[in-house]
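Note sheet for the following structure.
Chain naming follows the written order as A, B, C, D, E and F, and within any one chain the residues start at number 1.
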Amino acid sequence: MGGYGDVQCIDENGIRLDGRTVGEIRPISIEVGVVPVADGSARMRWGLNDVIAAVYGPMEAHPRKIQRQDRAVLDVRYNMAPFSTTDRIRPGFNRRSREISKVTAEALESVVLTELYPRSKIRVEIEIICAEAGTRCAGITAASVALAHAGIPMSDMVVSVASGKVHDIVVCDLNKEEDNYGEADLPMGILPNSGELVFLQMDGDLSPEQFQEAWDYNMGAVSVIHEHMVAALKGGEA
Amino acid sequence: MGIPLVPKLLRAHLAELAENDSRHDGRGRFEGRDLELEIDCLERAEGSARVRMGDTIVYAGVKFQIMTPYPDRPNEGGLMCSAEVRPVAGRGWEPGPPSPESIELGRVVDRGIRESGCINVEELCLIPGEKAWQVILDLFAISDDGNLFDAFALAGIAALKSAVLPAERYEIGEDRPLGVAKTPVMCSYHKVGGRFVYDADKREELGGDERIHITLGDDDHVHSLQKGLKGIFTAAEFDEIMVEARSKCAELRSLLDQKLAGE
Amino acid sequence: MGIPLVPKLLRAHLAELAENDSRHDGRGRFEGRDLELEIDCLERAEGSARVRMGDTIVYAGVKFQIMTPYPDRPNEGGLMCSAEVRPVAGRGWEPGPPSPESIELGRVVDRGIRESGCINVEELCLIPGEKAWQVILDLFAISDDGNLFDAFALAGIAALKSAVLPAERYEIGEDRPLGVAKTPVMCSYHKVGGRFVYDADKREELGGDERIHITLGDDDHVHSLQKGLKGIFTAAEFDEIMVEARSKCAELRSLLDQKLAGE
Amino acid sequence: MGGYGDVQCIDENGIRLDGRTVGEIRPISIEVGVVPVADGSARMRWGLNDVIAAVYGPMEAHPRKIQRQDRAVLDVRYNMAPFSTTDRIRPGFNRRSREISKVTAEALESVVLTELYPRSKIRVEIEIICAEAGTRCAGITAASVALAHAGIPMSDMVVSVASGKVHDIVVCDLNKEEDNYGEADLPMGILPNSGELVFLQMDGDLSPEQFQEAWDYNMGAVSVIHEHMVAALKGGEA
Amino acid sequence: MGGYGDVQCIDENGIRLDGRTVGEIRPISIEVGVVPVADGSARMRWGLNDVIAAVYGPMEAHPRKIQRQDRAVLDVRYNMAPFSTTDRIRPGFNRRSREISKVTAEALESVVLTELYPRSKIRVEIEIICAEAGTRCAGITAASVALAHAGIPMSDMVVSVASGKVHDIVVCDLNKEEDNYGEADLPMGILPNSGELVFLQMDGDLSPEQFQEAWDYNMGAVSVIHEHMVAALKGGEA
Amino acid sequence: MGIPLVPKLLRAHLAELAENDSRHDGRGRFEGRDLELEIDCLERAEGSARVRMGDTIVYAGVKFQIMTPYPDRPNEGGLMCSAEVRPVAGRGWEPGPPSPESIELGRVVDRGIRESGCINVEELCLIPGEKAWQVILDLFAISDDGNLFDAFALAGIAALKSAVLPAERYEIGEDRPLGVAKTPVMCSYHKVGGRFVYDADKREELGGDERIHITLGDDDHVHSLQKGLKGIFTAAEFDEIMVEARSKCAELRSLLDQKLAGE
């Protein structure tokens, strides 16, 4: 959240740089089976984001010390490809990626019926091929589709989306300029059937009223994203 | 923190207590443990604090370095926040590279402070494009009996508010206080026995589910949120703890102001 | 890639097929899998390509940075080539520091491109001794069904040939194509069932022996060779695949030229 | 040992910068139970040094390959907190800390009755919160108290102290300026009951006579430090 | 392969900087038993190259996951000592060394009768004490002798040598200047009894005819190198 | 070095020998093994030595680099000492990051040389605050049959004393010897069978207790001491080996002087 005012992200008519209104999400397309050697996979394009998720397993968890007697463990990795951003990203250890991997795993563990696969491991690999704000949300969403594509039983899929604030205006589904020059970002992970949450982060500055507005934008965007997910799994586009 | 074997008996016990709306140490659902806050307690640090919440004890220390501003922000100094939980702090903390747990801990505390805008990084610039102060806040746990997040966040903002720029040592003018305009404060809630409680201790952490960390600034503005661990929660549950957090954060903020004003 | 338990049955099966001069997917000995080559497919890269050979899928992306020339070569920019096979690409690829397998993969592909002299590093110099372009070629595997070497090499040269120097973003003149004078192409042969085959898939790799990688440039010049894995081969065997490599490399080179010319 | 003569550490009357005579040690205070979650702990303040030692165990030693069939292993870590010195210390691998951890472990192993706990591990954590010369000695001494506080049987405690040389004068218990500008440092670990040694290092330059003088200072300081240790364990201050 | 033309490596009479003709190899000497604590060892001096190879084993392979049920694993490390080159080499991880270790192991595995020692490990350590072009070839050759000296059964030893191109002239056994200023390098590992290959690398630029010429130089150098190897094992010099 | 299973039988055997005042290889208590010292034996190093003590063999090599002096010591060059014991040196040495054993080895040898003041770092300065020589001493073990400490220390000082500053290669004047004013020498004593012996071999190290390393300079000045491993010793024991060390160090020093004078 830079808070830099020198780029005008929203015009006087409430139209954003990419032509959207404040409550509108970017174009989405989802495709499954994009990693042929994986047990399940999905590619999500969301604005300029291009995200691939692959699932391997359930398989034996090794080394044995990571095994859990009563359930499967989810081994989730979120990673940005070196060419996914304007400035090249050096491969290797990265605190941001570690944290996103952790919260993504915890979100997905909340819905995967891990107790069906004791002592096993399910690997979820999320690769950001091209990034344009909201990659963690696209990653969680794509991973949900890939898990479903791999036939892993879940209580529900997770739909993830982020709204935020730019020039003191709350907008839905931040794009890159809005993320760079905006003042707040609220990504959430929502279960489409119940409206419950499994993922929540936020940083920046939101008054109580603005916070509620951003929350409501996220809740409102769930059903349209969910339709794309279901359609991709059914073999068509939404 | 390795993988603790969550004892099923502990979970059952905590669930039973929850049904009676009580906690294993007798506290109310939104009641914190005994709190001690000490300021300026580290001789070699330019700002420091020690927080004790029950048997959880942490230190925060502020040091300064001279840095070259980043090319794209020539008029700004820097803020770095680092959290370490070394094995001294408990049986479950192991040596080695930072675990995902300690990375999350450091980053969530860092975001709460950074995103509040309490440090004006432009005031840290000495010569644009050439020379600026870098503020380094180190959070260090001595004893972990649960809720390191809140302890680190409170010690961190207290250390920053007490910090003095060591300009004389670097021969660039007179020492002066680091200006810290705002007072972000964190409150954390753990789901234990099916409902959220404030300031969970280690046993509640081990036998609980997800946790939610809320950092609020002046006028109840939200600066950072984080849901950690496996678990599902509803909007209604979140609303309830957000209301609680507003009054608790205000309480902690006034305690801190008191201490800084010299009791 | 850890140590796969090479199944003896697979070896026996592949040997039987070899006796009948056939392969498990019906291909001829020197026949490649279906090949797709896509250029300029990565929005954030300055040059890019995607290659699909059967179920093997890789990306290559080119980025540029400003570097200070090395003191002993003040008139030259740089070329860096990095290959990553992350766990996304297959069950056998594990997280962690680069394995000997992925180090070899990156270095062999790098040598083929670098040693051909296709990039004139002197043309990358902006101010001698002070400022030059560094070309960074990143190879990234999405799905590994065998023969990553050839897929990486083809995607790599294609990405370089499509790359544009982002001079405007760095405020040093107009954007212009990175000049790539030559077209090194790699062909790899695995010994499977006792004889070398072209473009082995994963099953053939698992049940095979040594492999030989040949990078040829314009006029059949040899730029890089590598024998990998345990195995003994004769000069006659090598001569046979070298002849094959010459025609196959020429074929791939003309495919690439076609794509770059816009089909 | 810098050997820089531009700071005058001892005046013509033999009085040091902090007011001590050449044979005098700095003020000491010791407190136990400072890490409530540990099995034993101690805090030693010695001049401006502020050192915390915590003991965990005996516990099962894992991984199994570190187990010893006939005794417990001591897993000792000496570490300086990032804010413990004038210039911040970067967390992470550090050759100096590794060496001090090793010799500290070996000193303590010489007195702990490790053969009483085969196949187990005793963790000793030494954290330097504030440093002012002689931190390794303070660490060994504090760790001895923490081991006793944890109820680990020992043949004796270890008292550690360093004397050295400044401006060619031998002095007892170097302070920070004396360590920075002095010419030699002789830290020793001594058993108060027998006068035997379990720890010895030295660097710098000492003639045979100066070496003997520094040795004697260390031996002479043992009993007063030992009294503080015993008092802290008995629940009072010395 | 630098391709820099400012050093004249071959004169008009076809004589090289070190006095050799284009088809001649550098002086060689081999000695065994140079690492007394190892099970087998050899030192090869080849021009200014000074290379030590030591063999330990067969021994139990641990950790168990590296064990192979049907054969021994070869654990090969190629390393350059920090003082082995004009510019000091920093100890530690090094991509070049890793790759050379890998291809060296694969060359040796092709001849060692590993199936005689299931579940065990044979360690081969190659240390470059002084380097002058062709160290990987000297390492493979010395390791073959050290394996024989350790009594490890092999189907044949491996003779390794590199020819290349300088100023567009193909020459045998490149020296340092020729490696620095030359245009191609073709190292091979050859079985002296059958003429078969177990090791092959090449980089640079060779026309088909030049390639054949370099290949033939390597093949031609095998027997003289092999004689040195055999003589060293028999206890004399060739 | 991992954790060797110290054989109880070996300990018992060595104790029995000690009772008869003998050692397993027939040496006297304070008698060293056969010693070879070779100087200038590494073609690419600017100074070098090889030491053989029984079956223990080590090399030392000196290299130089140009450095920028540290801001707080603008008139000084640097000395860096690095000791490596790679797996070549023995069955017990494993690959990977430096073990505590090899860190101690390097630091103790380094302190003995550095603290003697034998290298005048001010003479290494070329342009104050800008340019100075850095001396790098690399110690490298080829065969470890015990007492690497003394072998490294002797090879190290010998290599430094034979070193020549390669000024011509860096185009800053004529080559000249690195001035090394003093000759620190180390002697190490291991407690074996209850009493200290000089120059323990591997078997004595495995079956022994603590060790004490003493570095003495000119006029018997003490420059470095280190007690290693578990064990208790008395002041009287220490006095005895200190007396022994004085005569042994003098002996080694005169051997070294002889070699440097060309036999």
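The working rule: contacts are C-beta pairs under 8 Å (C-beta built on N, C-alpha and C of every residue); 3 or more make two chains touch, one makes a residue touch a chain.
On a predicted model such as this, the values are computed, not experimentally measured, just so you know.
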Requested in this report: Kindly list the shared contact partners of subunit C and subunit D, in label order.
Outcome: none
Query raised in the report: Where centres are the averaged C-alpha coordinates, which chain has the largest centre distance to subunit E?
Result: B
Report summary line: Maximum distance between Cα centroids and subunit F occurs for chain A
Report summary line: subunit D to subunit E, mean C-alpha position gap in Å, rounds to 51
Query raised in the report: Roughly how far is subunit B from subunit E, going centre to centre by Cα mean, in whole Å?
Result: 58
Query raised in the report: Just curious, how far off is subunit F from subunit C if you go by their C-alpha centres, in Å?
Result: 48
Query raised in the report: Which subunit E residues touch at least two other chains?
Result: none
Query - Touching two or more other chains - residue numbers and ranges from subunit F - result: none
Query raised in the report: So that we know how the chains sit together, what is the shape of their touch graph: line, ring, star, complete or other?
Result: ring
Report task. Head round the ring from subunit A, going the subunit B way, and note every chain as it comes up. Result -> A, B, D, F, E, C
Report summary line: Within their complex, subunit C touches subunit E through residues 3, 97-98, 100, 103-104, 106-107, 111, 115-117, 210, 212, 217, 219-235, 238
Requested in this report: In the complex, go through subunit E and note every residue touching subunit F.
Outcome: 34-38, 48, 50, 52, 54, 56, 59, 77, 79, 81-88, 91, 123, 125, 127, 129-132
Requested in this report: Going by the contact rule at the top, pick out the subunit A residues touching subunit B in the complex.
Outcome: 1, 3, 65-66, 68, 93, 95-96, 98-99, 101-103, 106, 109-111, 186, 191, 195-208, 211, 215, 219
**Report entry** In the complex, subunit B residues that touch subunit D
**Finding:** 42-45, 48, 55, 57, 59, 61-63, 65, 82, 84, 86-91, 95, 136, 138, 140, 142-145, 202
